[in-house]
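These notes are about the structure you will find just below.
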Amino acid sequence: MQVKEYKPLIVAFCCNWCSYAGADLAGNNRLNYPAEVKIIRVPCSCRVNPMFVLRAFQRGADGVILCGCHPGDCHYTSGNYYTRRRMAMLFSMLDYLGIERERTRVEWVSAAEGAKFAATMNDFAEKVAALGENKRLEDLRCKK
Amino acid sequence: MNARNEALIPHIAVITDVRLDTPDIKTFRVVTPDGKKAFDHRPGQCAMLSIPGVGEAMFSITSSPTNTEYMEFSIKKCGCVTEWLHQAEVGQQITIRGPYGNPFPVDTEFAGKNLLFIAGGVALAPLRSVINYVRHYKDRYGKIDIVYGARSKEDLLQYKEIMEEWVNDEGVTVHLTIDREQPEWDGHVGFVPNYVKELGFDTDKTVILCGPPIMIKFTLAGLTELGFEKKQVYTTLELKMKCAIGKCGRCNVGSKYVCKDGPVFRLDELDELPNEY
Amino acid sequence: MQKITRDVLVEKAVSLLENGTVANVLGWRKGEFDYDITPAVFTDKADIEANFVWNDFCGANFSKYLVQKTRKLEGKILVFLKPCDTYSFNQLLTEHRFDREKVYAVGVSCEGMVDIDKIKAIAGDGISKIVCGEMIEVSTVYSDEVIKIDAKDVLEGRCESCKSKKHVAYDELLGEEGDVIDSNRFDEVAKLEAMTPDERFAFWQEQLSKCIRCNACRDICPACTCENCVFNNPNSGVENKAAANSFEEKMFHIIRAFHVAGRCTDCGECSRVCPQNIPLHLLNRKFIKDMDSFYGEYQAGAEVGSRAPLVNYTTEDVEPCDVFEGGNE
Amino acid sequence: MFKCSMESLNSVFAKISANAELYIPADNCDGKAVYTKWAEGVELSNQLNTVKSPKDFFFPQVEDMMAFKVEGKNIELIDIRKAQEDFVVFGVRACDVKAFEVLDNVFLVDPVDSYYAERREHGIIISVACGRPSETCFCQTFGIDAANPGGDITVWYADGNAYWQSNTEKGEKLLASLGLESCDSAAVDAEKAKIANIMKKLPLAELKADAFGGGKTMELFNRPEWKALSESCLGCGTCTFVCPTCQCYDVKEFNTGKGVVRFRCWDSCMYSDFTKCAHGNPRLSQVERFRQRFMHKLVYYPENNNGLFGCVGCGRCLAKCPISMNIVKVMKTLGGNA
């Protein structure tokens, strides 16, 4: 039997205006980042409800990353400031419950930062891979 | 393990025909994957249909038990399951389990009687199996009257079958009515309760009444005026159900479970139950 | 142990009822035993005189009832509020959840409520009588001896770390006004933060696995006043009547805590009513502690109309990835 | 009758668990009794009863029933039922033993619920008589004898010993395999008398259920007191979930992304969506939902089950209701012996 190399499944919520375009640019520039990064486009990073993050873990994600415009650059003026507070609270809570803090991340990526997007994803995937499978926020029914 | 027969485990069935009856009611023909009728039933009984991932719900079997080839369900679009069913195509598999509930007493109390069916809107669905059953065994019953009303001509369920088959049967009289005047309609216009009063039936009939609560209330008042007694009137109820076998505990009216002790009730029996339906 | 007596409250309720100021009294109704007190609406004098209770078991916070009662009941409602209840009262006003004009609020000073479970742990089962006071006198069917327990030893967990004896809202006050207390309420949170992630995980796994999803924490919570909760909405995709596995237990409690973050006044009702004794307040207090340390001190309900940290921001906020173990590096 | 010393109970447990899984009430991290799988080191609780009733063993809170695989228009039904192993539950009180009879009348009548039946068949109940009932106990109201709890085997604790007596064939077989010392019933008779004496002293000893039972529907249903009784009900599910006889369930589905699992889980008549369906809701307010629960226990259930009440007086709802509204208050208010 062939042992499959463990590749973490990563869900990346990307804001439509900056980070999604950043991911696009990374692709256009043929920059490599893991194929296991699944991008979900959202209108603004503040569209991401804490429930989205948890449900991504439930459905089998090993890491969840949010990408939005740099603070001050939000297309809707202030959306990402709210994201910053919400995710700070959520991540702190997840840490409090003993869930590995390296599994969640927020990164500000502009439309011009294709290289940063690829580097971020590579780095995040590597960190999550080091942790191994998500066991602490898993739903066994979805893993069978 | 398979010897464990579990009432909650359904069978797979397949939709072989979808007929748009009215703008919001479709009639589905359902058989097992090998083309047979899923199970036998009696007039007025129900079945649980489900679509995995959407939900399960109770529907009355609208085809007559005398139809041994397939079952039909007339379903109005009003919730999750029904909405999903309405977009289903021929060949779609669903699950089915049943039959559930007590049937109308077609072979006992109804035998030899004159029957009066009164229905409004989609409520013809549960009565159609009874009507077609008594039409099939016409010699066992007296005269049959059917009063059926809907909002408009388009909303009359099974209009084709009514006009092509029912009205031509000897001993069967069909009285149709719609709520409002409409250009190509030359029949009666008005609500069912008033129409029943206008028609002024003799009290030698057994009444099978089904429709929205408000219609039942006023029709019953009309029938009482005509001299009918409550023990002559049968109806069928519907409440939220999950198990259909009297265990999940939600479809009760007083101590009676609609799924197990109903859905067919005689009105004088209902009078002894709390008004919680 | 309460300094203010039942008779003072009864007299107040009866006089306000009789002079027509209010038509309803939201108060505590006598139970079957001396400790099982039910929140109730009183409308008549005789009923109040016979059945109104004020003692060390009157833990129920009436603020949430005002949301429904102000809609349903005719006439003004008299509500008795302990200091911690007044915070919930203010918070609900901030959220425009009830009409202030329909309420006559009477503040009642409180010396802390006691926990029947703690009493039973000392006196045992089979309680036949409890007399409240500095020393609580407990009689049981198993002995003729009256067991005396210092009320301070059996305080409810939330009262042990009482944050305020000050009423932040009232029309009238009975008893003495107290002060905001420098409480030790974050100690338990800090203790958990000091653990390793594995220990924390084990702690919460054990606690949350007790959850039976009865929703009592949500239904009693004065901050949970949504007309239709996301966990009741079949279209939300998370509507579940029972937590099928440990994921769903965690999700329910994380999301519930998050939904009340910044609005939770730390009244402690969630932990009080939990039939499984899950320390749910530790989740809410974690959020409060984090908000205090990241965005500056904030007490929900301290004043009407204040803006909670989660509906606010500054351009200099801490980055989510710099936050761990409470943000203290 | 057989006996063993209280100190040797653990070795008896070891013997039982050699052949079947054994569950005993043990204290959890909060010092509350919960049924715990016995293993070396698990200590029997001293508490009167467990927070949650033992109905979980036969009717678990969540139970997967079947799975479906959906591909295009096709549905595949997957039977995921597993064979049930034998298990033993020790320390069940008289009220909870009676509660199994209440559940049996629902699940074991035609059509039989095979999920429940299978577990019932493989479960052995060892009951324990209540030496120290609580003030919240009122099992005697329903004719239950706390001194003779029943089940497959009954155990009495008296003078430092545990006395064992089998009541069924299943129990007899198990008891025979334990190799306990046989003895006469003198100590147990004394214990029974002691329990009978203490039962008379309980605060709820005089509570009567005469005003309730089958045939009282219309008389009780429209009573005006329901409004005041249900006034502060939160509509949470605590009473129904700690109740040993509440058996209502919901059938729900979970899409795992790889298929659909249909499961059932406890439901509560206190919840607003319990009877809500596409055409409306027959129980719109908490008054109706509250009334349903107590009418079911005290009137509807006895009506359908030859007078057997749907409440066993375990007192869990008295202890756990967040607002302390419970069946005793309802019975006293409506029954007129307040």
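All chains are identified by letter, namely A, B, C and D, in their written order; residue positions are counted from 1 within each chain.
We adopt the following convention: a contact is a pair of C-beta atoms (placed from the backbone, for glycine too) under 8 Å apart; a residue touches a chain by one contact, two chains touch by 3 or more.
Computed from a predicted structure; not experimentally measured.
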{"item": "Chains contacting each of chain B and chain D, listed by label", "value": "none"}
{"item": "By mean Cα position, the chain sitting nearest the middle", "value": "D"}
{"item": "Which of A-C and A-D has more C-beta pairs touching across its chains", "value": "A-C"}
{"item": "Distance from the mean Cα position of chain C to that of chain A, given in whole angstrom", "value": "37"}
{"item": "Distance between chain centroids, defined by C-alpha means - chain A, chain B (Å)", "value": "53"}
{"item": "Averaged-CA centre spacing for the pair chain D and chain A, given as whole angstrom", "value": "46"}
{"item": "Euclidean distance of C-alpha centroids - chain C vs chain D, Å", "value": "30"}
{"item": "Multi-partner residues of chain A (at least 2 other chains)", "value": "139, 141"}
{"item": "Chain D, residues touching no fewer than two other chains", "value": "250, 254, 267"}
{"item": "Residues of chain B engaged with two or more neighbouring chains", "value": "80"}
{"item": "Pairs of chains in contact (touch as defined earlier), listed by label", "value": "A-C, A-D, B-D, C-D"}
{"item": "Chain D-facing residues of chain B, complex", "value": "1-2, 4-12, 52-56, 78-80, 82, 89, 91-95, 238-240, 242-243, 245-252, 254-255, 272-274, 276-277"}
{"item": "Touching residues on chain C, where the partner in the complex is chain D", "value": "31-33, 36-41, 60, 65, 121, 124-128, 140-142, 206-207, 210, 212-216, 218-220, 232, 234, 240-245, 272-273, 275-277"}
{"item": "Complex contacts: residues of chain D adjacent to chain A", "value": "254, 256-258, 261"}
{"item": "Contact footprint of chain A on chain C as seen in their complex", "value": "189, 192-193, 197-205, 230, 237-238, 244-245, 247-248, 250-251, 254-255, 257-258, 261, 283, 286-287, 290-291, 294-295, 309-315, 317-321, 323-327"}
{"item": "Residues of chain D that touch chain C when the two form their complex", "value": "28-32, 34, 48, 51-52, 61-62, 132-136, 198, 201-204, 228, 231-232, 234-238, 240-242, 250, 252, 254, 263, 265-268, 271-273, 318, 320-326, 328-329, 332"}
